[in-house]
Amino acid sequence: MTGILDGIDATYGRSVAFALQALIAILAIAVALDTLPNLPDWAKRTLVIEEAVIVTVFSVEYALRIWSAPRPLRYVFSFWGMVDLIAILPSLLMLGADFRALRSFRLLRLVRLFKLVRYNRAAEQLAGALYAIRAELTLFLFISIVTIYINSAGIYYLKHETQPEAFASIPHSFWWAVATLTTVGYGDVFPVTAGGRIFTFFVLVVELGIVAVPTGLIASKLSEREPSRDRE
Amino acid sequence: MTGILDGIDATYGRSVAFALQALIAILAIAVALDTLPNLPDWAKRTLVIEEAVIVTVFSVEYALRIWSAPRPLRYVFSFWGMVDLIAILPSLLMLGADFRALRSFRLLRLVRLFKLVRYNRAAEQLAGALYAIRAELTLFLFISIVTIYINSAGIYYLKHETQPEAFASIPHSFWWAVATLTTVGYGDVFPVTAGGRIFTFFVLVVELGIVAVPTGLIASKLSEREPSRDRE
Amino acid sequence: MTGILDGIDATYGRSVAFALQALIAILAIAVALDTLPNLPDWAKRTLVIEEAVIVTVFSVEYALRIWSAPRPLRYVFSFWGMVDLIAILPSLLMLGADFRALRSFRLLRLVRLFKLVRYNRAAEQLAGALYAIRAELTLFLFISIVTIYINSAGIYYLKHETQPEAFASIPHSFWWAVATLTTVGYGDVFPVTAGGRIFTFFVLVVELGIVAVPTGLIASKLSEREPSRDRE
Amino acid sequence: MTGILDGIDATYGRSVAFALQALIAILAIAVALDTLPNLPDWAKRTLVIEEAVIVTVFSVEYALRIWSAPRPLRYVFSFWGMVDLIAILPSLLMLGADFRALRSFRLLRLVRLFKLVRYNRAAEQLAGALYAIRAELTLFLFISIVTIYINSAGIYYLKHETQPEAFASIPHSFWWAVATLTTVGYGDVFPVTAGGRIFTFFVLVVELGIVAVPTGLIASKLSEREPSRDRE
């Protein structure tokens, strides 16, 4: 039974699992549409019915998984068991009622999206590569934060007198440093004096190096793992 | 005959194929110029004549290809045969007339642009590398969409009360998430409160990792294929 | 003793070093909060006390390191000894007093942040890879500056007559060239004529190549070093 | 003599070559400062004197190189000979006079900047790697232009009715496509309707792939060449 639900059963193949994954995708689209303002009444009604149907299907799936598991409790407290429960719980509690305050809990249903990449070989390989470089990625994350912090402090001391609004404090400057180091550049905050711009120049040169590190790490790790995959 | 048109004939070499490719490039520039507002009359007339000439040449090429193909029907229903037909059909139908509503179909002529990379060894190698990592690229596309979706939902619940216009719904927030994750940062939508900015920070850290994955995949696959190319 | 402070002691393990590192992180957050405008009085008082405590701890650490070093003077004039001294000196001088003009020197305490990555193997490996490609990175930095310079000069001669404010001189145009080449694109300065935009197009094509170089260098160097790490 | 000027002489080492390179850097800074508006008179005078000195030095260098070359004419018509001549010619013609119209020719002096990377081993290696992948880079450039063209045409037909100013024609839309595909995102032009934004989303997904290609190519080529360098 679990084999059928997971799409690794010999007879039913991936059809049941595929239908469940399609339901998750429909759910995600419905949750998004549900937030649209000025939604006509018929659309709201359709979304309520759609939610009832999907929650019923997922509840049945959950029950079947408990019933068919060799050790039901183990499944209930496993990672995927928690995901399945969390995904149906908020809807079960709210179905029929319309507690505005609780609506955001509905988003928890989206934790199911994680299930879409289960049993995917490319995903496993990518996760493996990321796991192998977890120390480097943690270090990279740390260096990024320190760099952003130093840049925030630097621009604050350089600019908080000429642009007191944009760079009011180090935490305020943090926003500028993040938008600049990731090259997003929204354009809401930027230095306007020569000093601030020269400082930005050095920040951006450092940034090119920092952005290059995770790419290099992932590229080197993936190319190392390639041969082992081809052997499979 | 097909050899001459494809630029692999022993006598005529690449000259005929090169002339046809130059015509495609001229066509692309003409299509672009044709959309310029306030075009003087003489320019419009030149473009009509230019279109007549190019369509004639391509029609002749199409006829020659059918005539010279060992199995004409096979060519007509092949990928490149369809491309050749689609590229001349809209112009043939509209030549002389000026059905405004049908003009956008003229863009179909641009499908010919694909022919420019035919028989190019570097293109074949790149296409081969991309084909080899199609599973990873699909997964990457899927993860990108899920990430953008989760970010849209997150920013919507965080911010739709303080910035109801920019983050009116999850689909509206999608636009912000796309512009941020790809680091385009047009600057038309961005969070203005501390909470939204901290959320953006985490979104951008994830983004650096996501953008690094396709680069790493392509780099590792290309470096693997290098030796086989050098042997050629 | 030094072993305990550095977190490589057999008995105390990393606990003392970890506590010191946590203090550095707290210090960084406190320095940032300290710059927030309209800070309530109780928060200011807390920050003063927090500073006194941290400076005391770091002073004790400094004294212990001198006392326990086999050759104290060597430690005092070593890189990390200077870092430790610079980190406590400004606070020691200012503690209790409130010389507004000297406050920015407090930032010097943040040089301690560098100590956070000491004795980290991933950091050592990354530093090793960066050291191995120092010639290439220097060259890359140099090429970047020359490219930005040439782009600044080019846009200045193209545009300083149509947009005299944005491109008033080559140093003014430098800002535009930096924001464009790093793809930050704040949106405060950009060309508005066809000529300037076509020039920008070529600038951006060059930029894609330039940004790719450090990534490629780091990736190739890291993948080369991988085997030696696995052997450890 | 040529050995002394090129910094490969046994006695004088790199000192003469280094002095000449420093002069080139000073020249670049002076050219930039020269364009600053509202420059005081003493600064203008200094720049004129500075120009006279540098042109004299470079003229002497040019004369010495011709005099010391085993086959003077060969040097005059060589690539670096032309660079040396072009770099002094405009200043020689204009020295003393102040032909405003001819001033932009002074920029030609900057062609000397290319000499800064001569005899640099890292530069040679990078140039070698780029030369080895010239076919791929040309293809990449071509695919980029075609992609930008198709995107321009697509956004034009989607949006020129709702945003007639921003997307007035395909050439006008080209600017948007360039700023978006390279993720610069100045924020002066962007789609405001749902259709245009969904189109932009697909454009950006393609872009992530396109940007990854040159990085992957350079990384794979550099990692291939590493061993041969270590052998040197």
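Per-chain numbering from 1; labels A, B, C and D assigned in written order.
Going forward, a contact is a pair of C-beta atoms (placed from the backbone, for glycine too) under 8 Å apart; a residue touches a chain by one contact, two chains touch by 3 or more.
Remember, predicted model here, so these are calculated numbers, not experimental data.
Q: Between B-D and A-D, name the chain pair that shares the greater number of C-beta pairs in contact.
A: More contacting C-beta pairs are found at B-D.
Q: Taking C-D as the reference interface, which entry in A-D, A-C or B-C shares over half of its contact pairs by residue number?
A: It is A-C that reproduces the contact pattern of C-D.
Q: Over half shared or under half: which fits the residue numbers at the contact of copies chain A and chain B, same or different?
A: different
Q: Can you check how far apart chain A and chain D are, centre to centre, with Cα atoms defining each centre and the answer in Å?
A: 40
Q: Just the number, please: Cα centre separation of chain B and chain D in whole Å.
A: That gives a centre separation of 28 Å.
Q: If a residue has to touch 2 or more other chains to count, which residues of chain C qualify?
A: Residue numbers touching two or more other chains: 171, 174, 183-187, 211, 215-217, 219-221, 223.
Q: Show which residues of chain C lie in contact with chain B when the two form their complex.
A: 183-187, 215-216, 219
Q: Would you mind writing out the residues of chain C in touch with chain A in their complex?
A: 28, 31-33, 35-37, 104, 107, 110, 113, 116-117, 120-123, 125-126, 130, 137, 141, 144, 171, 174-175, 178-179, 182-188, 211, 214-223, 226
Q: Which of the residues in chain C come into contact with chain D in the complex?
A: Touch residues, chain C against chain D: 135-136, 138-139, 142-143, 146, 149-150, 152-153, 156-157, 160, 168-171, 174, 180, 183-187, 190, 192, 194, 197, 200-201, 204-205, 207-209, 211-213, 215-217, 219-221, 223-224.
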